[in-house]
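I have a structure I would like to understand better, so I am pasting it below and will then ask my questions one at a time.
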Amino acid sequence: MMGTVVRNIRRADGAAIEALGKLGVATVHEAQGRTGLMAPYMRPLWRGARIAGSAVTALCAPGDNWMIHVAAEVLKPGDILVVGCMSENADGAFGELLATSLKARGAKGIVIDMGCRDAAEISDMKFPVWSRAISARGTVKATLGSVNVPVVVAGLQVKPGDVVVADDDGVVLVNRIQALDVARSGQDREKKEATTRTRLQKGELGLDIYGMRKPLEEKGLKYIDGPVD
Amino acid sequence: MMGTVVRNIRRADGAAIEALGKLGVATVHEAQGRTGLMAPYMRPLWRGARIAGSAVTALCAPGDNWMIHVAAEVLKPGDILVVGCMSENADGAFGELLATSLKARGAKGIVIDMGCRDAAEISDMKFPVWSRAISARGTVKATLGSVNVPVVVAGLQVKPGDVVVADDDGVVLVNRIQALDVARSGQDREKKEATTRTRLQKGELGLDIYGMRKPLEEKGLKYIDGPVD
Amino acid sequence: MMGTVVRNIRRADGAAIEALGKLGVATVHEAQGRTGLMAPYMRPLWRGARIAGSAVTALCAPGDNWMIHVAAEVLKPGDILVVGCMSENADGAFGELLATSLKARGAKGIVIDMGCRDAAEISDMKFPVWSRAISARGTVKATLGSVNVPVVVAGLQVKPGDVVVADDDGVVLVNRIQALDVARSGQDREKKEATTRTRLQKGELGLDIYGMRKPLEEKGLKYIDGPVD
Amino acid sequence: MMGTVVRNIRRADGAAIEALGKLGVATVHEAQGRTGLMAPYMRPLWRGARIAGSAVTALCAPGDNWMIHVAAEVLKPGDILVVGCMSENADGAFGELLATSLKARGAKGIVIDMGCRDAAEISDMKFPVWSRAISARGTVKATLGSVNVPVVVAGLQVKPGDVVVADDDGVVLVNRIQALDVARSGQDREKKEATTRTRLQKGELGLDIYGMRKPLEEKGLKYIDGPVD
Amino acid sequence: MMGTVVRNIRRADGAAIEALGKLGVATVHEAQGRTGLMAPYMRPLWRGARIAGSAVTALCAPGDNWMIHVAAEVLKPGDILVVGCMSENADGAFGELLATSLKARGAKGIVIDMGCRDAAEISDMKFPVWSRAISARGTVKATLGSVNVPVVVAGLQVKPGDVVVADDDGVVLVNRIQALDVARSGQDREKKEATTRTRLQKGELGLDIYGMRKPLEEKGLKYIDGPVD
Amino acid sequence: MMGTVVRNIRRADGAAIEALGKLGVATVHEAQGRTGLMAPYMRPLWRGARIAGSAVTALCAPGDNWMIHVAAEVLKPGDILVVGCMSENADGAFGELLATSLKARGAKGIVIDMGCRDAAEISDMKFPVWSRAISARGTVKATLGSVNVPVVVAGLQVKPGDVVVADDDGVVLVNRIQALDVARSGQDREKKEATTRTRLQKGELGLDIYGMRKPLEEKGLKYIDGPVD
């Protein structure tokens, strides 16, 4: 299975991808029933990016970034490269030259379960990167992995063509086929939240807005006037 | 004991709180004999905030943020919400809607031993947050905890009404009753440091300013001209 | 061996140091055969600094910063203080007063395998710091260590007089005697990278520029048209 | 998708399962091209167990073990329960009473990405457990998860019916359909290793047995007589 | 507050301590409403010990074990020494000589939020130790701490005289005054568990014994016959 | 510098090595002024081994164990192989076949800053291993490292020919030339400790044996009769 490159993948509907990107990670995660979120160690290199696109996946050996070069050829404009590693490794598999290449090929960004280097240069380029570490440690090109096979990244199975949404909160995945449904559900959620936000801004309590007082009482919550001691 | 909410707590003197906030975390920590500091994993969501206020405490179950809603009702303007968790957990228990609510109720900020989400939105709002992680992972409202009972947060026992001081260096607690004494001691310390700073800026050495040469010699420090190799 | 201060050390050629600083961490690391990089937990306090200088080393006990004061006397303008710790420890051994002192003595920055405090003040001063943590935890002056002896910092043996290069990517060391050779090799590398960058910007692939297609095929890489499933 | 229990799953051929169990984790992992291994934090509660069986999967909320009870009903004798958690959590979701239940139902063991408690009692029972931690922290029964859906556990996607092999080296998964092929390939590997072992025991070198001298030389390996310095 | 030794403390009822020791950590933790458990990094040096006793507390500086010697004088036969550290530190503050001393003074064991050394010798002595690490790193005697003041250890505030229960599952604390109540509640729990255990051994399901089917259905749990895919 | 094998190294005096092995890790570490100890994550695969020998060093790439095969040829009976890794990596670079080979070549054991696999088999062989992890993850033979050059392992610079002492407490290094002096100093220390042990066994306090009462008083230690609260 190692050593396989799948050239073509199915991608989600473009409008769904765009809508998911506008919603952002936290809303999308909630909209699909609190699933699909990568572990929180996957952090943005710089703050302020929010992207969404189709996942092109790559699987690398530790200390080796060969498959990123292979993936650069098969990705299409608008895609996001998602890179897994065969074992835990923080070496700087992604740097400014690869960022230049991915940008030129139209990639929207990269999510990589290894390290990233040339932090200053890539931040200046405003190329979006989520990684497990910043490390200048160089990598070799010696061991085959695969491209566009399912990979586990930060606790999540990523299939080629899944929709990736990434922002300052981290990275969430949406199944390609469910993308439109999740987008709509997220938009509904946003509308409701807008109303809730207005009420909260006026000082109303979540206890009342969400009707929590009764279930809390039923669970046995007791109030004491205090102060205690 | 779980499932208890104490409505009213004693708070420290307002002038003492204000003075402690001006001093900042490092000075306050030194002023009370190098005690009261939370573990360094408790980090600000955004750089540049410095706040001080009375601790209103909440204790949550892992993956559950119900008690934050309960706490929102009992806190007073100027308070800081301090949230502990029953076991190690980084889920995103605090997001933009709760930040909106706390802000509307007058809270100065939150210190939470769980995760925080909506990182971009809360940073834009300039609502101060210290947390163990940024994570969009949603939480449930299913298990009772308590509000305004003592909780251990980041290696520190927090009692309701303790003064919380938080800035880019982390979070320090001051006992309510000792707040004024610590503030004064910190102000004295600041004055001394101002003099020391001026001397250091001129190139004088700490070795001379603090009188370290003799104790170093007594401990047996030896100087070699060098270079060695 | 503990309790020794070496006053004078050999330093690398000034032009070599300057050249290495311009190259930056990632390039220097590659230029010396992917060696000399500190572990990635050594992070800058603030983004954007890039410095190079001769290492003056100090070894401290956990929770103790006495030897930093001792080192402040023996360092020369342009040096970088590199502080190791006898065991893993994140206490705030370096703060604004010491930063003031080092700056006044001409130090270019500090690399410290302990914590740093007064994060806001030191960032405002623009004094460059790389540390393992930000922590306001105060330290004592009770246990002897050494100055200008070899110390292991973040997985790397640092000898006094080694050239330290540090930027947003981390910290790399260059052997004093090899400094000029490494600088030249790095400059050659930069020139080659400039050409590669231009080709990548035009959309050429690393696969072609680096001649990877043949070795990949020899290793057995297989392409499938897809989509699969 | 949360809140789904799949009662029946397809299982691998019994003879294949038995063969894989005899081979053990390291050999199986190699036999399928170095894939399928869980992250090394998944450790046995006690040393010396080696089991193989079909995966029945469960997904729990942090601090909640409700779905383990649900899974106990659908598993068949010979199965291994594999439990994932929605976020990182070490609470003691599995204890002696559940071990008693699983044993009575015929389960061969459990692999759980949470904590395990009653360590002494379960070790005395010789019920095999692999977990991320030992912790007596109790859990609640409040939030739905799922049973027999794919879950990610210790960096690996586990599908119901996958073959689980676990021993002192950790946990490896084999795809249900490929189980027989992997078993055969592992048996071939074992035979070859037996020959190699005999040669190594006589003092022959891997350099010669595996024919490494030439590729090492081609890569540029240089021998120096030494001693150096 | 640092530098204080309290010679005498109140201890819990001896019969309550004995009863709690028989129950063990997991049962005691449940019996007091799932509170009082230390973080799971606090692990036994050797498997098989189960002890209970009154906490004598000590607070040490990192890399310093002076206060353990001070505490050795004030503890009484049957006590358990609980050692906190001012910051995270794994140095070997407790070794065979101190174990010999504590044993001679009648201490039942030690719980230490630092490292332990002489692992082989102390295991041979069968002196019970729970620690955060095994490390031979030596410590100094240079900085004052305190004895018999409240300390936070492994996420838990320990007050002198609290009952400590420790076994292979970790360490739990019981408030001195509530010790008898908790012991009784634990004994009741054990009786109920004995009945449950018998039913589980016969193959009955927790689903039925605990009446979980209805609440699961109400929450929306759905069963599918499967197999899926 | 990568890709170098030094065939011959200088070794310490055999009697010194033997004496150091008898003393064990903790005593040797103290005897050389609390230096030379590896970080505590370096743990024995099985408890009860205590070995001493000359270090033959190897440096591997992450996920690659090629250089261990190269080192097997140059080591002499009685040596201990010490393996560093270019970046943090826990892959199972050392297994039962390599253990068989090293044993046949007369190696006393291995200290490896990567993972170890075949845990059960190697434990049965009683071949001593200290490693950072147990992991069955297979490694490749693709990237050159070096043999018998200085490497940093677990926070310590190891030079070929250094004396390695390893037991349940971890791993300590002694400089080849100082080995005899350290051994003598350790033997003196052991004699003193024997006297101290006898006094402690009789219930005498360290406070008196070590004369700590006066320095504690001078530092300001205060005794309170208590109980407090």
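Each chain carries a letter (A, B, C, D, E and F) given by its place in the written order, and its residues are counted from 1.
Following the convention adopted for this analysis, a residue touches a chain if its C-beta (ideal position, glycine included) is under 8 Å from a C-beta of that chain, and two chains touch if they have at least 3 such contacts.
These numbers come from a predicted model, not from an experiment.
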Mutual neighbours - chains that touch subunit E and subunit F alike: C, D
Each chain counted as touching subunit A and subunit E at once: B, C, D, F
Recurring contact interface, reference A-D, options B-E, E-F or B-D [over half identical by residue number]: B-E
Separation of mean Cα positions, subunit D and subunit C [Å, integer]: 40
Euclidean distance of C-alpha centroids - subunit A vs subunit C, Å: 30
Junction residues of subunit A - those touching two or more other chains: 34, 86, 88, 90, 135, 137
Touch relationships between chains, expressed as pairs: A-B, A-C, A-D, A-F, B-C, B-D, B-E, C-E, C-F, D-E, D-F, E-F
Subunit F residues touching subunit A - in the complex, by the definition given at the top: 61-64, 86-91, 135, 137, 140, 142-143
Residues of subunit F touching subunit E in the complex: 24-26, 29-30, 34, 37, 40, 43, 47-48, 50, 167-170, 172, 193, 196-197, 200-203, 205-207, 210, 212, 215-216, 219-229
Residue ranges of subunit D touching subunit E (in the complex, touch as defined): 3-10, 66, 69-70, 72-73, 90, 92, 95-98, 100-101, 104-105, 115, 117-120, 123, 133-138, 141, 144, 148-149, 160-161
Subunit B partner contacts - residues on subunit E that touch it in the complex: 1-2, 33-35, 39, 86, 88, 150, 152, 155-157
